[in-house]
Amino acid sequence: MRGLKVAVIGGGSSYTPELIEGFIKRAKTLPLRELYLVDVAMGKEKVEIIGNLARRMLKRGGLTTQVHTTLDRKEAITGADFVLTQLRVGGLQARIMDERIPLQYQVIGQETTGAGGFAKALRTIPVMMEICQDIERYAPEAWLINFTNPAGIITEAVLKHTTVKAIGLCNVPIGMVHNIAGLLSVNSERIRIDFAGLNHLVYGKKVYLDGIDATAMVLKEIVEGKSYTMKNIPDMKWDPDLIKSLGVIPCPYHRYFYMTDQILEEELSQLNQGKGTRGEQVAELEKALFTRYQEESLDVKPPELDQRGGAYYSDAAVSLINSLYNDTGEIHTVNILNQGAIADLQPNVVVEINAVVNRSGAQPISVGRLPKEVVGLVQAVKAYEVLTIEAGITGNYNKALQALLTNPLIPSIERAKKILADILDHHRGYLSQFNA
Amino acid sequence: MRGLKVAVIGGGSSYTPELIEGFIKRAKTLPLRELYLVDVAMGKEKVEIIGNLARRMLKRGGLTTQVHTTLDRKEAITGADFVLTQLRVGGLQARIMDERIPLQYQVIGQETTGAGGFAKALRTIPVMMEICQDIERYAPEAWLINFTNPAGIITEAVLKHTTVKAIGLCNVPIGMVHNIAGLLSVNSERIRIDFAGLNHLVYGKKVYLDGIDATAMVLKEIVEGKSYTMKNIPDMKWDPDLIKSLGVIPCPYHRYFYMTDQILEEELSQLNQGKGTRGEQVAELEKALFTRYQEESLDVKPPELDQRGGAYYSDAAVSLINSLYNDTGEIHTVNILNQGAIADLQPNVVVEINAVVNRSGAQPISVGRLPKEVVGLVQAVKAYEVLTIEAGITGNYNKALQALLTNPLIPSIERAKKILADILDHHRGYLSQFNA
Amino acid sequence: MRGLKVAVIGGGSSYTPELIEGFIKRAKTLPLRELYLVDVAMGKEKVEIIGNLARRMLKRGGLTTQVHTTLDRKEAITGADFVLTQLRVGGLQARIMDERIPLQYQVIGQETTGAGGFAKALRTIPVMMEICQDIERYAPEAWLINFTNPAGIITEAVLKHTTVKAIGLCNVPIGMVHNIAGLLSVNSERIRIDFAGLNHLVYGKKVYLDGIDATAMVLKEIVEGKSYTMKNIPDMKWDPDLIKSLGVIPCPYHRYFYMTDQILEEELSQLNQGKGTRGEQVAELEKALFTRYQEESLDVKPPELDQRGGAYYSDAAVSLINSLYNDTGEIHTVNILNQGAIADLQPNVVVEINAVVNRSGAQPISVGRLPKEVVGLVQAVKAYEVLTIEAGITGNYNKALQALLTNPLIPSIERAKKILADILDHHRGYLSQFNA
Amino acid sequence: MRGLKVAVIGGGSSYTPELIEGFIKRAKTLPLRELYLVDVAMGKEKVEIIGNLARRMLKRGGLTTQVHTTLDRKEAITGADFVLTQLRVGGLQARIMDERIPLQYQVIGQETTGAGGFAKALRTIPVMMEICQDIERYAPEAWLINFTNPAGIITEAVLKHTTVKAIGLCNVPIGMVHNIAGLLSVNSERIRIDFAGLNHLVYGKKVYLDGIDATAMVLKEIVEGKSYTMKNIPDMKWDPDLIKSLGVIPCPYHRYFYMTDQILEEELSQLNQGKGTRGEQVAELEKALFTRYQEESLDVKPPELDQRGGAYYSDAAVSLINSLYNDTGEIHTVNILNQGAIADLQPNVVVEINAVVNRSGAQPISVGRLPKEVVGLVQAVKAYEVLTIEAGITGNYNKALQALLTNPLIPSIERAKKILADILDHHRGYLSQFNA
């Protein structure tokens, strides 16, 4: 057995130690032979810091994995078994603009949903297409595990426009499992959730405790105000009537769609108080993290990383890779083609859903129709996603404008046009598809 | 041949002379034997004014139709061939509240869409259920032609919860045909439009002039600022980029969904300037109309009625009745069960669509999938409609709250709750289903 | 107005006088400027006979149409407004083999259904692809009206594999209307039928007399044994229990699927008595017809043609062309893409269905789901058709074998293989796609 | 933990020792407290023989389970955790008639497919409805595990017409796994199959060996003539071209549909040679088995039972019960509502498919669309099943006739009528729904 070659595109991400920890935990079943951490020129310093930390962590973990840091994507991808994408086109500076531009027009600014996520998608799609061309050429059998946000949109773009075998992954579902386990004060392994929806718009249709329906109990806990959120998102108390009438478990990101007024007020207030956006706060956290990562004595994932928001990424990602590699047939919540599993959406769009994962890939478990309470929002956001992918691929202004207008967080054509103009202007260096 | 018995529920409406005119024009093919104008106690005076005007009009038209005005719905319905519903539960006073309540929370107030239309639906559904029980019992073979707004929601409620043969009708599609004929300076008979969507949310997928695709030409005219609207709706210039990127023809009501900021600003400005809402302006118009209707010398539809907004109702309604009665097989744009005609919506919901109409009813013409630019909005509004019907039938607060929240014009749970509370409070006299 | 150019591929067909008659009847609304009758070398004599007859008929009808007979398909197609295809690859000799081969294995032999129709489709698809390439190049705006059998399969092949605007047409539906009018002793214009199904497998879901449901009455007449059939098909009395339990009106061709034993017995008996197959009888009829066509004094469609089986073709074809040309919006029963009109079949397959026809084409009228009694047969035959098209295009033996096996008239793999071997052997001159 | 109460309806079946063995093997995770073996009066002797054998087997297995034999179904069901149905209305005598009647008309006679399965369904549905009424009343939370054939039809009847939580189970899929493992000479645990289709008409879309696609290899083995069948079905060599062109793995029962001529010949030959039908052979086997079961020394499942055809029933059944009871989330191939998992069939029909099974039930894994080669047969048989259920519930002759006619094994209305007449006549004692 020759062991695995894994390439991480965006290897300089501060989340990478999560992955490393995951590989160490699974070393018995996942023989990691070679790890390539790839980044772009502007991330060279970071990826080397991460590379060194990875080497120390792996050594302490007793692994003999070879760690390579490189700017040569082709070298990294060639012959890889798994390619992991966790890149951020334009870095945190671009993200901060994604957050700030909409806020100028009294519209929520968030890196993965609404206008901010839209801008990120436009920047990211062309880069992902290039990466996938490399995979098609140099590692056609590789699995692409995509963490890059907006993960649903990016994965759908890959599956629609390339032949790469791709699965999108997000830590929101696993985070919800842990969070709800916390609400009920039980071990997370006793909790199972029937997930269905879209990335960052996923619902728990039913929650089971030891296999017994506990949905009503969980809703009650949330109604009564128990904390139910995740890092990255303001920990705003859920409106009790919202939760009661919804009847299913929202994901933390649903706040943007349901509690829009409060979130907007909070974002504007933070900005006005000089605290900046979440992106600016993250930039501070990152700086501290990378300082920490450089400590020669550090050879484990530092606890500070949890503040960053990526909790459970290692669990989610490495256990998914394990299922693919070892044909386990375990159920993971992933972003894959719908194939009829959610009856209210087209078969060829990407959904976030429970799936059986084995060596041949991930097959979604049918959920039939969505509850009437949520189907309208899910369909509207999917329509936005489909248009965003078309805009990202073609650089067509009209598609881009209609995509934004279709997004439920954008209140009118007037503001859609202003926001789009600012996005196309500010990020033009990353949006060459619109300049052709 | 014994001739037709027609019952008009809400016969005291100021629109009724439109209908009368229509029956006079079609007298040769539609032998109107008996016309029953029914109203409730508070509309007694009005229905009598209308009854007298109708008699004068019919006489001048050379018809021998017997006109009855009555408060006894059962008598009117018994044995009727057609029952026309054009009622307004709570009258204009209720409508004015429907407009004013949302505006208090910086949300658009409109009688048929958004929160206002929602409130109207809740008040109207129980009354329509009672009317339909009478039809089931006393005229089971009658066709119900429903003009009552929100016409799509009301018709769907009837088709889901009764056995009455119902078709919903609106003057927006026929108005669009005339309007576009005007844009192109051609006779309206040369224009044909492939309509598809929902009531007050219908799109012209293609416009044909003499059978040749003229969609691009029409879009260009609208982009260049030619007036394209209808009474009842602010005549606001369409955003050129909106129209260009949309690629299909919106209906005038789409302004509420796309140009939300401008419309809201306009509504608030009218209110602040003391001009009141559209409902208040209509109340003035109505008062003048009824004074006019009482003139003994008046024996035709007075031209002032066009100001009221009901243009083409007579054409739309009486020619539909004619197709049903005389088995013409003509195409009408109506509100009927989808049956797969629009692939993106469930078969059992009501859509506004072109249909072939003959004695056995209306069969929709398939349009396949909607354009990607519009499918998200249409699906979201249909989800709102389905929940509104459930709320209207059951009086369930949770369904009502989720219905409002699902409506794209309602920005957040916070405002949804406040608006719903005001609606349930102000209209409680008409919402007994919520008090049970 | 320059008038129409019409090209008839297979112009030497004995049916062509039907078409000519139709054009003469519609001369006021369909200005036929040029008529090209195209045929292949082996049909040269016939096409000239037809050309001369056509000239005499048109002259008598008072038309100045120029009639061209030619073997040059490109010349005929270039700039045509309508291309009509009514070809028979291999002529009647090939048809006779299509009928005789299956009978050798105790399987029904029929030119358009079962194994015979399958063989005809394999021979015809490559030729139609070539014709369509000419249309794409030399008359891209032309309408292709396809009469070539199996008309549903051929039309689907064209719509799936070319960009030609095609509509398939068959005289079975119009024949059913006339036949049923005869059963009820009423004028055919008083009859309307809701058709849905596949070509030569179409059902009348409902029959209306003057717009009133007369289905039960018609079923009763058939149950009681009134003749209900058409030329080309043995006039076998329908089984009364079959008709009663079916609840909808079958087309004459359904006998092959429902009364298989009797039909097979009849066919074998005719063969054994030396009467030959229907193809052989038709060959005799044709010989007589062409002798008749050569009479210089003949300048109308001779009544003998009705014996041939093409009754109402002129009505069906020319009135369809009229609707396309003059944008009439009339309803025709045609073979077009399903687009969701029949819920039990995929949107991209061809169905035979009522459609509204105007200048922009034919749009199907939705029928929702088929009756439970018929859906299984329709789906099975459609599966056969889809596989047959794949086999006809690719020449793949496996697809061909599975196509035959899927056909409900083929009882087993053993016989499917033998029949397929004989087809590929006997017709190899026309099946070059299988030899590549 | 109080342990499980299990009721077996048709407890006197010769297969019951399979179940007992299964419970003994799983005793650690499935605490079987009480086992009720229920039968009807005519099965009293058998059920007591089985009861005694069960007691001996359980004792030897070290279990303290209480075994009850009874004719009182209500007592057995009351408070049960699982109800297993494995009944045979009319016993083997009725089965033999199911086989013999069609053969009189040169039509395949088989107990679960074709006309024989149809007759069995008509007899069984009314009895299952009564059993389900008992479960609704006396054990509403119980799981019904249905083995009664035709298992797909019976399970669909239960799910459409009762509120019982039911899962249908068949040993064909697990048999295919073992059979294919044998073909490849590997342990069955290394084989995984993507099953999709209907009961006794299920296909293996893909076979995986250690998670790697081995479908082509398996097809090759079958093409080359390796034995691939199961008891109960003639071990006829598969036609190599059939297998090659099919591209997916058929189940042994597919022989009836594809190799109809050979099977029919074989059945008729057996009959003519005086060997009787399979049912008659089984009657002999059963007699011998029951003699064996009465041996006081016998306290294990005797190897002779394998000859009977029920191999792997214990594995399939008890491991399914284990997943339901212990919330394992394992994948089983079961008969459950489609829910969109197979795109070519309606959501509300029962399919045989891989499903994730845990305490809350079985959720199907989406397979999207079926291969074009098999979809027609599957849809036709499902149409037959749906009509059969309607006939079985209502006793409507027309529905029954159309059901039979829709079945691909019935060649014509003539024979459908004769076979139906014989069925209704011979089994009239069990078909009271047709006599009402």
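Which chain is which? They are A, B, C and D, in the order written, and residues in each are numbered from 1.
One rule holds for everything that comes next: a contact is a pair of C-beta atoms (placed from the backbone, for glycine too) under 8 Å apart; a residue touches a chain by one contact, two chains touch by 3 or more.
Please read these numbers as outputs of a predicted model, since none were measured by experiment.
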Neighbouring chains common to chain C and chain D, by label: none
C-alpha-based rotation, chain A on chain D, 0 to 180 degrees, nearest 5: 180
Rounded Å distance, chain A centre to chain B centre (Cα mean): 44
CA centroid of chain B to CA centroid of chain D, Å: 55
Shared-contact residues (touching 2 or more other chains) in chain D: none
In the complex, chain D residues that touch chain A: 192, 194, 206, 208, 210-213, 326-327, 329, 331, 339-341, 343, 347, 356, 358-360, 363-368
Residues of chain D touching chain C in the complex: 239, 241-242, 244-247, 258-262, 372-373, 375-377, 379-384, 386-387, 390, 397-399, 401-402, 405-406, 408, 411-415, 417
